[in-house]
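Structures incoming, each one as structure tokens.
Next, two complexes with chain A in common: one pairs it with chain B, the other with chain C.
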Partner chain A sequence: MKEILRVEHLKKYFEKEVGFLRKKKKVYKAVNDVSFHIGEGETLGLVGESGCGKSTTGRMIVSLLRPTDGAIYYQGQDISLSMRNKDSRLEIKRNIQMIFQDAYASLDPRRTAEEAIFEALDIHKMCLDPQEREAYVNKIFSDSGLSMEQRKRYPHEFSGGQRQRIGIARAICLQPKLIICDEPVSALDVSVQAQIINNLERIQNLYGLSYLFISHDLSVVKHISDRIVVMYLGYIVEEAGKKELFEQPLHPYTQMLIRATPSLDPDVDKTQKLTIASNEKNSIDTSLIDVCCPFANRCPKAGEKCWSEVPKMKELEDGRKVRCHLY
Partner chain B sequence: MKTLRKLFSNKLAVLGGIFILLFLLCAIFAPWITTYDYSVQDLMNTKVPPGGDHIFGTDALGRDVFSGVVYGARTSLLIGFCVLVLGGGIGILIGILAGYFGGWVETVLMRIMDSLMAFPAILLALIFVSILGSGLKSAIIAVSLAQVPRFALIVRSSVIQIKSNEYVAAAEVLGQSQFKILFLHILPNGIAPIIIQASLSFGQSLLIVSGLGFLGVGADPLSAEWGAMLSDARTYLMTVPHLAVYPGLAIAITVLGFNLLGDGLRDALDIKNY
Partner chain C sequence: MTKLTDMKREKDSGQAQWEYLLEVEDLKTYFITKAGTGKAVDGVSFRLKKGEILGLIGESGSGKSVAVKSIMQIVPKPGRIVGGKVRFKGEDLLGDAKAIQRVRGKDMTMIFQEPMTSLNPVLTIGRQMTEGIMLHLHLKQKQAEDVACKYLEMVKIPNPQEILKRYPHHLSGGMRQRVMIAMALETNSSLLIADEPTTALDVTIQQQILALIRELRDRLNMGVIFITHDMGVINEISDHTAVMYCGKIQEYASTREVMKNPLHPYTQALIQAIPRIDTEQEELHTIPGSVPSLLNLPAGCSFSNRCQYACEQCKNETPELYDTGDGHFVRCWRYADTSTKEG
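Right after this comes the complex of A and B.
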């Protein structure tokens, strides 16, 4: 499989000035060490709890945020270098698109559905002939699951699911190679979630897309992804194929996440659930970043080494990657 | 189209529109409406009460009050228009730059605005008049300058609020340039408070220039200006009240008209209100 995106040791620190008389810079470490790659036509799931840096990672890939350190390569070329030149910048922008979590907020309230598409086409000078454009927009709309009559409507006249379809239409109309899906279904109710997910899968086959699918919902990620990376406090803690990850999670955090997923199976061990519950008293602790294992305070298996040394990403014999001292 | 329909369904806005229409008609067709020249004095017929040849009567110098009020609309329109173009234009530009770019650009621009805000508009106008000499031109410049920070503050805060919206990020992801994001997404979505401020500023600037006229430093005595007319009428307020009533009413109705229309426009421009 050809590689389309590679992210290497990405870091993002946010700085904020605090204090009134004596100003001090407070540093928030949102993303600390993120590396992964996405192959052509592949869906990579990125999971983790709120505030772990998932969205920040996605926003760095589409250049909404500038990484503090590390590099992003699109088809082998460094994105930060491409951004300097207008043509190569547009080229990158055209190829990497994004679907936002809050579809309503991501649409300009003063622009109709078709105007959102027109804007994208205008920027990249695509389909300048009016007739050709008409046909193309109709095609994009039907591919995204919208009807022609909805073209001239404003965002507030749509339902939540339909708005996300406009978001999808806007992302695919430039014929990109990679789409960053930043929790695209988290704000929708479950029946609509299924429709959007199925639509995303259909479009992936139709357009030959790769996805980076960011979500905190394991069941959604399990459904759509080929491979999954798990993030915790700005670190990637585990990377594995979908099947291996769910059948045999290695990192204690992944194990905890999978156990915490609601299940309809009455045979699921209740005692195990209880141990997680007692563990939840210890919530995420950002002071552990760069000091020791960031998960040490919540980990049932944490030993002395976990409290003294930052674990590195290890590649095991069977090709799985995990960041944990136990392996 | 929807915006217009919504505007017309608002009774108060329509009333405001009628007032403004009346005002504009007076300004445009002044020479055809009036029968007397306001600059001509008729000392044989001073302080004639309203009715007859002079519908609004004549003032202490025998000038036709009706002509004064009608021609005064021209002066007022000129003032309001200049203030909006000059004060509004500069203010909006400063507000956009400060709000969108932030950092030291914002700090420098907004501190200048703060220091301008520290002076009441009328005081600023008096300073300008004493530098540039009395007359309509310096009054207009002074009033425009006084309006700049009001526009700048409002535009800046709405730009800051709008630029954090996800649709601005979405446009950036599409590859839209900063300049186009400003004028295609941010400005159209922040137009409502600008329009309200414009309608308020129009009224305010009329009041301030009238106030300057009242103090005797605004328009020159020969030209028709409502504030100056009011000022002249003050001496005879007890004996010939009609001299003050008509220019006063003209100011009140015009300012009210702009405020009502601005209010209606704000509601009509709210896209979610259809």
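Right after this comes the complex of A and C.
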């Protein structure tokens, strides 16, 4: 499989001036060490709890944020270099698009659905002939599951699921190669969520797209992805194929996540789930970043080494990657 | 802590003339606006025993929140409770104007989805927790703080004394929700209404809160109404489940029965639409269309415009809630056909 995107040792620190006269600087380490790659036509799931830096990673890839350190390569080219030149910047931005969680916030309330798409086409000088544009927008709308008469409507006239479809239409209208989906279905009801997920999968086959699918919901990520990376406090703690990850999760955090996800099986043993929960210690502790294993305070298997040394990403014999002292 | 629960049991055994903790009968809450009348809750009936957890599931706009707000009589305007009965411990709450004031916030308490919006950001946790105790149990500040500490311990918050002096923004989301639960329990509440208490939380924290609610139920023998839109959560927590759609209960049965043998086409579709963590699926089942507006409901069965089994009768006549035996109720004309087709 040809590689489309590679991310190497990405870091993002946010600085905030605090204290009397804002003289001190406090550093928030949102993304600490993230490396992964996405192949052509592949869906990579990025899963983690709130505050783990998954959205920040996505925003850095679409250049909404500038990384503190590390590099992003699109088809072998360093994005930060391409950004200096206007033409290559447009080219990269056209090829990497994003779908946001809150479709309403990402749409201009004073522009109709078709105008949102026209704007993107104008910037990238695509389909300038009016007739050609008309046909093209119709095609994009029907591919995204919207009807023709909805073209002239404003965002507030749509339901949540339909707004997300406009978000999808706007993303695919530039014929991108990669779409960053940042929690696209989290705000939707289950019945609508299923429609959007199916639509995303259909579009992927139709347009030959790659997805980076960011979500906190393990079951959604499992459904849509080929490979999954699990993030915790700005670190990737485990990377594996979908099947391996769910059959045999290696990192204690992944194990905890999988067991904590509510199951639909009525015969599931609830008493076992209870003991997991009561064994569980404190919540996320950001002071552990760069000191020891960030998960040490919640890990049931934490040993002495976990409290003294930051674990490195290890590649095991069977090609699986995990960041844990146990392996 | 044992003392508290003992006290509670004695109190309860003294007045055991009622069989059900909460009986809701044909409850109707309408939103009367210029654009028309929205029947947010349209004839909801259910019963809740002591120590039972009832799961109320539905998509947004199904009326599940309005239903419990009607029970508490805190329906926002222009909503109005236009009919029905709510009997709490045998006492009719809708008939007597002062009855609700005696029990609301004391015997019947509620927690919400986002704890930060329910907590006052400029008051300490201690000040907010003791307010209810002082009002309802007529205790002094000092004693009230002791009670608050006991309950904070019960919801597994370390150093409760310390927490009482903190402000809500010092706490994490999971901790805040625990404080809310402690606050709901501290007046010896016998009915806890939880309106999507775990929706805003991460899965690991959600698991802790679910376990906590189950444990407290066992310990205090209280009734719980648990609202959620997540079938998985329902499966983990509730004893009975009511599925709501367009202001009506469409199906009611034990949770096991609902998950294993759903009879209503809506429940079936809902379960099939969820990506599952334990099995592999090719494509997700979808329900065509979206939830209709309350001002513009289809005639007959409110699910008829999205239902794959819909027939002429479904489009013209509104079905009743049938008892199919074993306490399994379903509001569908064709439930006999759907159950055979369900493989």
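Operating definition for what follows: the second predicted complex is superposed on the first by the 313 of 327 C-alpha atoms of A that agree within 3 Å, B and C clash if a C-alpha of one lies under 4 Å from a C-alpha of the other, contacts with A are read in each partner's own complex, and residues count from 1 in each chain.
Note that in this section a contact is a pair of C-beta atoms (placed from the backbone, for glycine too) under 8 Å apart; a residue touches a chain by one contact, two chains touch by 3 or more.
Quantities reported herein were computed from a predicted structural model and do not represent experimental measurements.
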| item | value |
| --- | --- |
| Which superposed partner A:189 touches (first chain B, second chain C, both, neither) | second |
| First, second, both or neither for A:106, with chain B first and chain C second | first |
| Chain B versus chain C as contact partner of A:89, first or second or both or neither | first |
| Touching partner for A:3 - first (chain B), second (chain C), both, neither | neither |
| First (chain B), second (chain C), both or neither touched by A:201 | second |
| First, second, both or neither for A:97, with chain B first and chain C second | first |
| Touched partner set for A:223, first chain B, second chain C, both or neither | second |
| Touch count on chain A, higher of chain B and chain C | C |
| Touch list for chain A against partner chain B, complex | 59, 62-64, 89-90, 93-94, 97-98, 100, 102, 105-110, 119-120, 123-124, 154, 156, 167, 170, 174 |
| List of chain B residues in touch with chain A within their complex | 165-167, 169-176, 184-185, 188-189, 271-272 |
| Complex contact set, residues of chain A against chain C | 49-50, 159, 161-162, 189-195, 197-198, 201, 216-220, 222-224, 246, 256-266, 268, 270, 273-274, 276-278, 280, 283-284 |
| Parts of chain C lying in touch with chain A, wherever the complex brings them together | 59-60, 172, 174-175, 202-208, 210-212, 214-215, 229-233, 235-236, 255-256, 259-260, 269-271, 273-278, 281, 283-287, 290-291 |
